[in-house]
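Look at the two complexes coming up: chain A is in both, with chain B in one and chain C in the other.
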Partner chain A sequence: MPLFGKSQKSPAEVVKALKEAVSALERGDKKAEKAQEDVSKNLLLMKNMLYGTSDAEPQTDIMVAQLAQELYNSNLLLLLIQNLNRIDFEGKKDVAQVFNNILRRQIGTRSPTVEYICTKPEILFTLMRGYEQQEIALNCGTMLRECARYEALAKIMLYSDDFFNFFRYVEVSTFDIASDAFSTFKELLTRHKLLCAEFLELNYDKVFSHYQRLLNSENYVTRRQSLKLLGELLLDRHNFTVMTRYISNPDNLKLMMNMLKEKSRNIQFEAFHVFKVFVANPNKPKPILEILLRNQDKLVEFLTRFHTDRSEDEQFNDEKAYLIKQIKELKPLPDH
Partner chain B sequence: MSSTSHSQSPPPPNSQNEEECIYEPDTNSYLIMSMLGQCCGDVGKVYLAFHVPSKTPIALKQFNVDKIKDEMENIQNEIILTRQLRHPNVVMVSASFVLQSYVTVISPLMAFGSCRDLLNRHFTEGLPELAISYILKDILQALDYIHRKGYVHRAVRASHILVNANGEAVLSGLRYACRLVKNGRWQRSVHSFPTTSARNLNWLSPELLEQNLQGYNEKSDMYSLGVTACELANGVAPFQDHPPTLMLTEKVRGYAPVLLDCTTCPQFADTGQQNSNQTQAQADSGVGDSVGSNGNSLEGNSLTTRRFTDHFHRFAELCLQRDPENRPSASQLLGHSFFKLPRRMNAPPLPQLLHPVIPLTKEVLGLQNYEEFQVMDRFGEMDLNSCEWDF
Partner chain C sequence: MSDEVIYQCVIMGSEGTEEPVHIVLSDEDNMLDDEEGNSRIFEDLEPTSWINDEDTDVTTFFHRVDSDQIIYEAKKKRCKMIGKYVMGDLLGEGSYGKVKEVLDSETLCRRAVKILKKRKLRRIPNGEQNVQREIVLLKKLQHRNVIGLLDVLVNDEKEKMYLIMEFCVVGLQSMLESTPKKRFPLWQAHGYFCQLMDGLQYLHSQRIIHKDIKPGNLLLTLSGVLKISDLGVAEALDFFAEDDTCFTGQGSPAFQPPEIANGHEKFLGFKVDIWSSGVTLYNITTGLYPFEGDNIFRLFENIGKGEYTIPDEIENPLRDLLHGMLQKDANQRFTLQQIRQHPWFLRKPSQTLEQVPVPPLRGDELHNMTVLPYLMDFHYVEDSASVQPQYYTEHERNAWAEGVEPECYPSEWADHVSDARSRSKEASPKKFQDELRYNHGEEVLENPSEANKRKSKRRTTSCISVKKFPPCKQS
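Moving on, here comes the complex of A and B:
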């Protein structure tokens, strides 16, 4: 028993009190104000158990294990996330901090919270739909990116219907939410290489028809970020099959050639890194070859003048020289 | 904590909503009137602008992100972090959106500008002590909040302290902040060196600059606050004329800057008698040269005749302790006697202490007839490339 201060609540008591308070908040009866207060208070207690404070160390592993077990048994994580919009501003952040800490819990090589969430995928779907609501979007984002670190959870998210909503979230007009959604989106598509490659192959048509919209977005930042990510995806050797498919489609080549001469220098530059893959392809399909041949002289001249001030960027200049040489040497396919 | 929401969504029905307003991502809603300043080199520009639907003056900050490559992430992080902090003394982002290649951020107008502006334009030898007491108290409240949320600010300096029309000081510059909470743990110290902070070096703590294994924590901000206290009092930032290596050496050896007044800089009086104070031996203002050269030969120079209270001197010394362990935390310092001065001396509110500086308020701007204002800068159109592909 502590000598000073209030005697401490046990993990079970905190979880129980918090669950009651969140339920009261959900019901929205006349005691809502009191409920809000109780939610904040118990969230803070829980956060301090896990993180400690400036003058107290975090709780022992046994206490944390008890707390985690109570959280799983009570289904409180889902309840908290479902009611996140009802919790006050600072409380929302405390939920995210508690969630992220519990998620990282390990026993040997096992991650019990990850295993738990696999059995409750509703937690992930609710978090993803959090981007629909301004007040909780950023809080959900921090939790989602933490989840995306685990392959099992990333897989559930990628293969859910909700995943395709990201194409909308990354383009919302509020810049901070769009940026946050984009970093989650990128994490999901790049973090676990084999998982991502398989997902992209299986869903090629759906993903890239959606992706096309991002590349044509009115929003400069969306266009630039999605173009950059496209380059990264295509140049990752895990995505070889996807890349081959992408660079066989003449519409994709046309888009990149148009982006090469966008007014924004950064977009031109990112487009270059996708365009180069079309040219470097040793087995260009006929339609691709025809477009390049039809614009052979123009392309050589264009590329010669393209970003000549990047003299210090050796790799870029080597690649540019290589492309010019390739395009100069292009020959029509012999007629059969 | 009030529950007012400054997002674009409608305010909750029970909120106080004095300045509640929806800022839409639409060019036509904003009239840019004049430039207030720059940030991040020439990438960011801050304008005094007018939000037409609500008829309020606002601060509109634009980052031309087409001019930058990798730093875009810093700008995103700053905006996202700012949106997740809510405190009356921490800068607020009311809305952020993209217009052409400009990331645009709408914030409440800070009618007195930054403390650096105040020092540059009027208080060249420093702000009045009572004004500093008000300002630093607000900034300590901001730091206390930020530290409790698990961040180190890493860029406390006069140019990041803004003052609004009511005389409340607000801390900005959050793009340099770093998290103490990492990997689901509250770190006792961090080691990351802020990469983009060349301009902030003079304000940074010795332990941060040393980059050794001990790392640093939120106490580093208290040192920066001490440097800022000297900056506000002296008008000139300490170490301003020092080459970075000398600045670093002095800080590491424990030479701290001081508030310049008759107790700390008797050599300017050049009379060489009484005040040869014991602190003088090791006190280094860091601005000796510059002040000496333009404070023309000193009789009547306010630096040598004025006298700050012992409370203020003690406060600065506490912040500037070499060992971070010895520096009080933000919440401890809030109880310092320096902050009781305004009440004890029955001081007028901050706006009066800043007289004759006039804040940029609606009335001053004459915004009643805003239609007369010329649009100085619309979001400019750029020319298109003329080359045509043949598909």
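Moving on, here comes the complex of A and C:
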């Protein structure tokens, strides 16, 4: 115990004080200013326990364990996230830092915080809905992506109804929030390969009907980003089943052919990488084959003149030549 | 070829007679095919100075010089550019060519350039094909734990190809070799292994089977990020392939799974990488190999049986993981997913033992950018004659060479140059290396390059040409 100055607060005291302050803030009574101050002060104390400061080392493992235990018992994490919009600017960042640190905590092979959040999925849902409030969206984003690293938590988020809100969040007009939401969205769909593949298979219709809207979005960035992600998803071997299903649907082929003709060259180029899969498919279903046959000559002509200035990109040129050859050689299925 | 380092050395007269004898010699690694350098040496040499030398005393004819009296003059750093890249010093060498450090003059990023010579490639079985394949594969890959290929430049006149890659400081193999027990503390091995699994998962998701995972092919950046490199023998599965069946394997023998050792016609590709990662994990945590043999037949026989022991000091979660990855039956062998959910993978071991550091390159522990002296010369040194040349002795040179690495450079850098030769050499424990070369069909073909390397090493001594300049004769 230091000789001068206040004695250090124990984790339990900090958690208790912070909980009271946040509750006061939530009630919004007259002492709001005082509460705000207390919240900031205690958040800072908590952060320093975990990260240390320039003069002090982080606290010992025992202290951190106590702090984590108090946080679980008091349900403070949820309370903090629910009231994040009421906390001041620095405080919001401190919440995210405390949250991410506690989340990473490990005891042996166990991640106690992950286990805790599994029992309180409300934390995740509240975080996801954070994208609806501008002032806390980015803070929630950093916490969400940290959560998405854990398969168990990613699974809860993917399979929740709130997940489909992402199709809205990635399109909001505030650019930084939309792109933050998109990176979280992408993380959830690509991080844990088997989990994602299974999710996409099980929810194929729902996901891709929503996805269709992104591809048709008014917003150029959304269109381009979602097309790129679609390419990544379909070309990933883990999503083989999803890919075969996607390329059997003539509507998807039509969409890609339209995107090949988009104004933006970048979108044309991304569309090419999805379009090629339809053509390369050795077992093209009849409707797909028919569309390609109907447009056989036009497609050959179009592709011959498609991005001819990419002469240095050998792989692209090889693929293009391959597609042209494939399309030229297309024959109608024999009638049975 | 102004970039080749040529060491000039000045020998002080043995009896203090101040008789300057100039020895111009080329550094071993620059000797290989530095025709231009050689011709320069011979131009300077005046044969008459030998003929006119009537001194019959052999001792004066063959000037005996103690090695500590040989003084080398560091070659001046002449700035050279390939495209927008400023060349730096040599980082390593393989049978395909050299690897040097470069600086991207536009972005100021440190890069490595792999210089491939068509002439050398032709001598290596599948050489050109492997390089082509590697370029095609690397171009479309982008992942934190897979080496990035940023640019490819071709000089048709010189028949050279320059592959600009991400800059790495060392390979795990040379790091292991710099330690007495040839292994990492568990926590350090764990960090590398997790990164290996991340990179491998990405490769597999892109339908690529690496087929040659081993410590020699795992490089580290300055910040300790692991990069899987050398996709020279990797295979890309067909986009619509039903499964990962493969038919050919040409990785390093000691890291091959039983199905390849037993000569199966077809096998599951992804499980090959799992097995080699298992051998790698075994190797970096124990300093040993699970399977050894006096020659390739014995080795393959032992791998084929699938019987091995894990040292007692390896405790359970890791033991179990190794057993799972080194399952003889590929169907029983762990999948990437199973590894990622394994207790040893999930748990970060505590940092008990001291970290194995990156060994210094030519005495430089910090791995400073070697391009800098060239830039200094280019921009600040106007009259190069007035600059004091830097001298150092044979003894110092040898000390650096030993301090850094037995062969002067981290051996993996050789591997950075998709090196079919070192594949057999490094991967296999020393004892049966020789047998490998002569007994295994594939390796025999690789012999020329190996022999070539040895020859060039021997040439190191013979390349010292002693010359007396005319003015010196009078004394």
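Everything that follows uses one rule, which is that the second predicted complex is superposed on the first by the 332 of 336 C-alpha atoms of A that agree within 3 Å, B and C clash if a C-alpha of one lies under 4 Å from a C-alpha of the other, contacts with A are read in each partner's own complex, and residues count from 1 in each chain.
To be clear about the criterion, contacts are C-beta pairs under 8 Å (C-beta built on N, C-alpha and C of every residue); 3 or more make two chains touch, one makes a residue touch a chain.
Please read all numbers here as calculations on a predicted model, not as lab measurements.
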{"item": "Touching partner for A:Ala280 - first (chain B), second (chain C), both, neither", "value": "second"}
{"item": "Touched partner set for A:Val221, first chain B, second chain C, both or neither", "value": "first"}
{"item": "Contacts of A:Ser264 with chain B and chain C, given as first, second, both or neither", "value": "first"}
{"item": "Contacts of A:Asp88 with chain B and chain C, given as first, second, both or neither", "value": "first"}
{"item": "Chain B versus chain C, judged by how many residues of chain A each one touches", "value": "B"}
{"item": "Which of chain B and chain C A:Asn101 touches, first, second, both or neither", "value": "first"}
{"item": "On chain A, the residue positions that both chain B and chain C contact, one per complex", "value": "none"}
{"item": "Residues of chain A that touch chain C when the two form their complex", "value": "106, 108-109, 193-194, 235-238, 277, 280-283, 314-315"}
{"item": "Touching residues (chain side chain C, partner chain A) in the complex", "value": "136, 139-140, 201, 204-207, 237, 239-240, 317, 337, 343, 346-348"}
{"item": "Contact set on chain B toward chain A in their complex", "value": "1, 3, 5, 7-9, 25, 65-66, 69, 72, 76, 79-80, 83-84, 86, 93, 95-98, 100-101, 103-105, 149, 181, 183-186, 329, 382-385, 387, 389-391"}
{"item": "Chain A - residues contacting chain B, complex", "value": "50-52, 54, 58, 88-90, 93, 97, 100-101, 103-104, 134-135, 138-139, 173-176, 178-180, 219-222, 224, 254, 257-258, 261-266, 291, 294-295, 298, 302"}
